[in-house]
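Presented below is the structure to which this report refers.
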Amino acid sequence: MTDLAALLQDIAGQMRSAEDRGKVADYIPQLARVDPGKFGIAVALADGTTHHAGDALEPFSIQSISKVFTLAIALGRLGDSLWNRVGREPSGLAFNSIVQLEYEQGRPRNPFINAGAIAVTDAILSGHQPREVLGEILHFIRVAADDPDIHIDEAVARSEQATGHRNFALAHFMAAAGNLRNAPDLTLGTYFHQCAIRMTCMQLARAGRFLMTAAGGARMVSADRVRRINALMLTCGHYDGSGEFAYRVGLPGKSGVGGGILVIAPGRASIAVWSPGLNAQGNSKLGREAVELLARKMGWSVFG
Amino acid sequence: MTDLAALLQDIAGQMRSAEDRGKVADYIPQLARVDPGKFGIAVALADGTTHHAGDALEPFSIQSISKVFTLAIALGRLGDSLWNRVGREPSGLAFNSIVQLEYEQGRPRNPFINAGAIAVTDAILSGHQPREVLGEILHFIRVAADDPDIHIDEAVARSEQATGHRNFALAHFMAAAGNLRNAPDLTLGTYFHQCAIRMTCMQLARAGRFLMTAAGGARMVSADRVRRINALMLTCGHYDGSGEFAYRVGLPGKSGVGGGILVIAPGRASIAVWSPGLNAQGNSKLGREAVELLARKMGWSVFG
Amino acid sequence: MTDLAALLQDIAGQMRSAEDRGKVADYIPQLARVDPGKFGIAVALADGTTHHAGDALEPFSIQSISKVFTLAIALGRLGDSLWNRVGREPSGLAFNSIVQLEYEQGRPRNPFINAGAIAVTDAILSGHQPREVLGEILHFIRVAADDPDIHIDEAVARSEQATGHRNFALAHFMAAAGNLRNAPDLTLGTYFHQCAIRMTCMQLARAGRFLMTAAGGARMVSADRVRRINALMLTCGHYDGSGEFAYRVGLPGKSGVGGGILVIAPGRASIAVWSPGLNAQGNSKLGREAVELLARKMGWSVFG
Amino acid sequence: MTDLAALLQDIAGQMRSAEDRGKVADYIPQLARVDPGKFGIAVALADGTTHHAGDALEPFSIQSISKVFTLAIALGRLGDSLWNRVGREPSGLAFNSIVQLEYEQGRPRNPFINAGAIAVTDAILSGHQPREVLGEILHFIRVAADDPDIHIDEAVARSEQATGHRNFALAHFMAAAGNLRNAPDLTLGTYFHQCAIRMTCMQLARAGRFLMTAAGGARMVSADRVRRINALMLTCGHYDGSGEFAYRVGLPGKSGVGGGILVIAPGRASIAVWSPGLNAQGNSKLGREAVELLARKMGWSVFG
């Protein structure tokens, strides 16, 4: 087996010196200030060991990666009835596109585009206070990561609240179609806070271990459900760059505009990578290149 | 390990007695006549053994499953330059949709929707006669299956030629956008013939072995390329039912309107299933259910 | 010349007894309660006389007909710079469609679809309080109608505020695209109030006289601008039923979901009709039939 | 009354010296060769007189202006049943767009976009030979113009046949939807020939007189039908530039990519203008500017 620790150092070194680092998201003012030179990577293996390189111990805004955790919570609470409100197909469109909602009567294509994730958060929220639900999400992540030191960045949440008109449009559109149970303000307030959770690569890699489905041990989520979440990550986890990620990396993953990606090598590893610059599809440019290198060297592609 | 032979018999039995069998494709007259009661399944394992049940030795029209073989041939001949003409993303639309072509200047989203497959065939055709290219496609499949007894059904090809107006629309649209090198009639004539190849489940399962990437042995296609074809099958192999197939089965696959599906369990098995009735997305209804059962029992999902 | 008074009585009689009256708008609770049996029609001729029949003296909610008045005010204040924010083409889509906004970067197709009208109201609002702007709109209409007894129905405005999620989606989408200068709540609050203006057919017919461009007299709006507003009403005044209205009636008009239509016979007449039941495109069913009869009998089509 | 002859000379002079002349259509090789400096204008008044200026006696390819004549013929032969196959609404899309066909099951929005015009030609063709139908179209135009010297340019027809892939796509798409009665080749062969009719401005202005509906005299088309054709020209005659034409000119018109426009001032005049350079919507740039000037000076807008 390849020496993983050395490989991660090597990858971090390559990525540190990359010239074209993509473009840091600028539509949320708080995120626009992040240093584009940052790069971190962490791997939690099925054997329980963890490895990391670069800025892997520095927290960043996980943004849409939070959708994986809320999906797991929503499936746990609602089971398959969740699928009445959101589909399971790639949309072939940008993360914040609204045209599909109009063509399909307010039912988002999948839980990883913004509209779908807002519907999932709305589903969890039903009958609860935002504070309670955010507490539950944090609790789930802290238990998964086995680390209580994971928090919400209020400044980022407020920044997105003030500028998130596109998400307000999605929420109101779903409300008009009868696919939102709570007031848009309430659901979006919760959603913006879940996206503002800050984690380090190390914390995120550990938090993703529940998706490895290694045999044995107590499971937070059933093996069957884990498989399905992974399938959704592979087909829909990178918006209209999902096919490209599958083609190049060959592993399920979920990206966030903060520049993080959580990637799962089923049975083998949970990987977190962070580089703030994004590509045209809104996914971390160097993050994807790093996990492509890693997966190739380790032979981790699910496709053979 | 589960007794595969018994499992296949059990699955074939269940599928034989299923009441809701979907709807046989009626837009190609020749296909509309197929008995909806047929069901066959065959598995070629990495250990070289093959197993089958039901009507697995009866030939059927592979239709769009042929796109996997032409993609492999095109990548072999053109390499990555093929991707200048066709994308690698799920389209989120029906197999014969034309709207994406208009929005994206005549470049099909992926090689498995009709427009993309026509572009791939056109790419192989360049500078050759349809007869030569069809000979090459048949040769590739016969070698892959290790069986010379695989042929084109001329009546089906002619039937599609006469009624395939939607495909003519796609080809002419691409020609108008400068994304077709040959006359639409020539490219479509070749395309309709490749779709009219007849194979049994057993032949198809054997022909799919080159996508298993088991270690050792001479390879028809490099391991790297096999992984990528599998990734495309998983994200795009079932049109706007691709997410659902990944969610339920967890394996790369490619369906055809003849009711067949080729499914790959990387490193483990090549599976062919056939049941003529289709679901709303144009994929074999019982075929999908059968491989879902098989993959679950065998623990073959790539997602853990 | 036909006896107009008798003709209006005759038309009102026919419409009163019509069986298929369309469907009263139900998405605004306050509007859903209106008696579908109502029918009124009023005509203000270029010679200064007015004529009416049926429930022409009963006030109804003018809804989108208000867009004609706000457009006139906006053009008066901003001139052609208004067209930087909204187009002049029919959209070919429903009144509340959002897909065109996404395809065209948040610039609505024309000022008579909801998105465009919201942009127009937002343009008037700039630097003013909603109360001031609503005062100006009412003042304009009262002067045009020469009648101070025209008011806003607060209950309808509040009802729409509470249920107008689709309009909130449009406003937030434009805000995200940088095509809204005020907070969505502020602009929409104004917009919902302008739509909640109540007028009788007689008041509305009189208020529309400024669009007749008869020679002589002081003009509220220049002849050139009047022609252009009429052109927009003809091509865009009935959403995706605009072509049908032009084909059948041959006159510029603007409909509202309250069941009213304002129709202009240039140089000849300003016509207001009211019947609460709507057709599939959201335009008054009997209202259109009534003006079709009227225009035909009077020979008022602009098309010869 | 303004001196029309002098006004036409003045307009022709202005247009001759215009610097930005638009862009000559280059997708049909035969059209691309036309001298962009040409400009002609002709007016046939209701009093029977004709006036012209510039290159008004030089023939050009009428292209889509032919759609007005085939619509008149089709309505004469099929009556309102024609509307089962084609709609009457502006499409809001480019002249050769195919997306609307997919969203609306192969029924074109109106008879003036390419798909709609192909459906109209197909409707006339039913049960006849292309040669007969083309003879009938020429006969109609020659009678309307009172001039037997109007012909089809075979070289243009063949040029379009060879390069008209987009139109083939539209025809095949409609065939797939069951909205074409003849083989696409047959219908398109007829369509390309009708578009290749050559006429001078003077001939075209005279041919358009049947749409003036001046009182008295034998009519080729009933007054009622004339009004409706004019309504369609106003709402749909310039593709996604129809609203702009109505807004600026205020008259029904139909443009062709050859640079011609036929414009009707109901009850007053039939106008033909020709300038080969096109604007972004595919309509003659200077042609529109010229009729805008003319209509303004003459006070011919239908909108007051």
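Every chain is named by a letter (A, B, C and D) in the order it is written, and numbering of its residues begins at 1.
Simple rule for what comes next: contacts are C-beta pairs under 8 Å (C-beta built on N, C-alpha and C of every residue); 3 or more make two chains touch, one makes a residue touch a chain.
Being a predicted model, the structure only gives us computed values, none of them experimental.
Trainee: Would you mind naming the chains that touch chain A and likewise touch chain C?
Mentor: Where chain A and chain C might share a partner, there is none at all.
Trainee: Give the label of the chain whose average Cα location is farthest from that of chain B.
Mentor: C
Trainee: Interface overlap for chain C and chain D, more than half of numbers shared or less than half: same or different?
Mentor: same
Trainee: Compute the distance, rounded to whole Å, between the mean C-alpha positions of chain B and chain D.
Mentor: 47
Trainee: Using mean CA coordinates as chain centres, what's the chain A-chain B distance in Å?
Mentor: Centre separation, chain A to chain B: 32 Å.
Trainee: As a quick test, compute the distance in whole Å between the mean CA positions of chain B and chain C.
Mentor: A distance of 55 Å separates the two centres.
Trainee: Could you list which residues of chain A touch at least two other chains?
Mentor: None at all.
Trainee: Classify the chain contact graph as line, ring, star, complete or other.
Mentor: Graph shape, chains as nodes and touching pairs as edges: a ring.
Trainee: Check the chains against each other and report every pair that touches.
Mentor: A-B, A-C, B-D, C-D
Trainee: Spell out the part of chain A that touches chain C in their complex, as residue ranges.
Mentor: 97-99, 101-103, 165-166, 168-170, 172-173, 175-176, 184
Trainee: Mind pulling up the chain A residues that touch chain B in the complex?
Mentor: Touching chain B: residues 87-93, 100, 109-110, 211-213, 223, 226-228, 230-232, 234-236, 240-244, 246-247, 250, 252, 264, 266-267, 301-304 of chain A.
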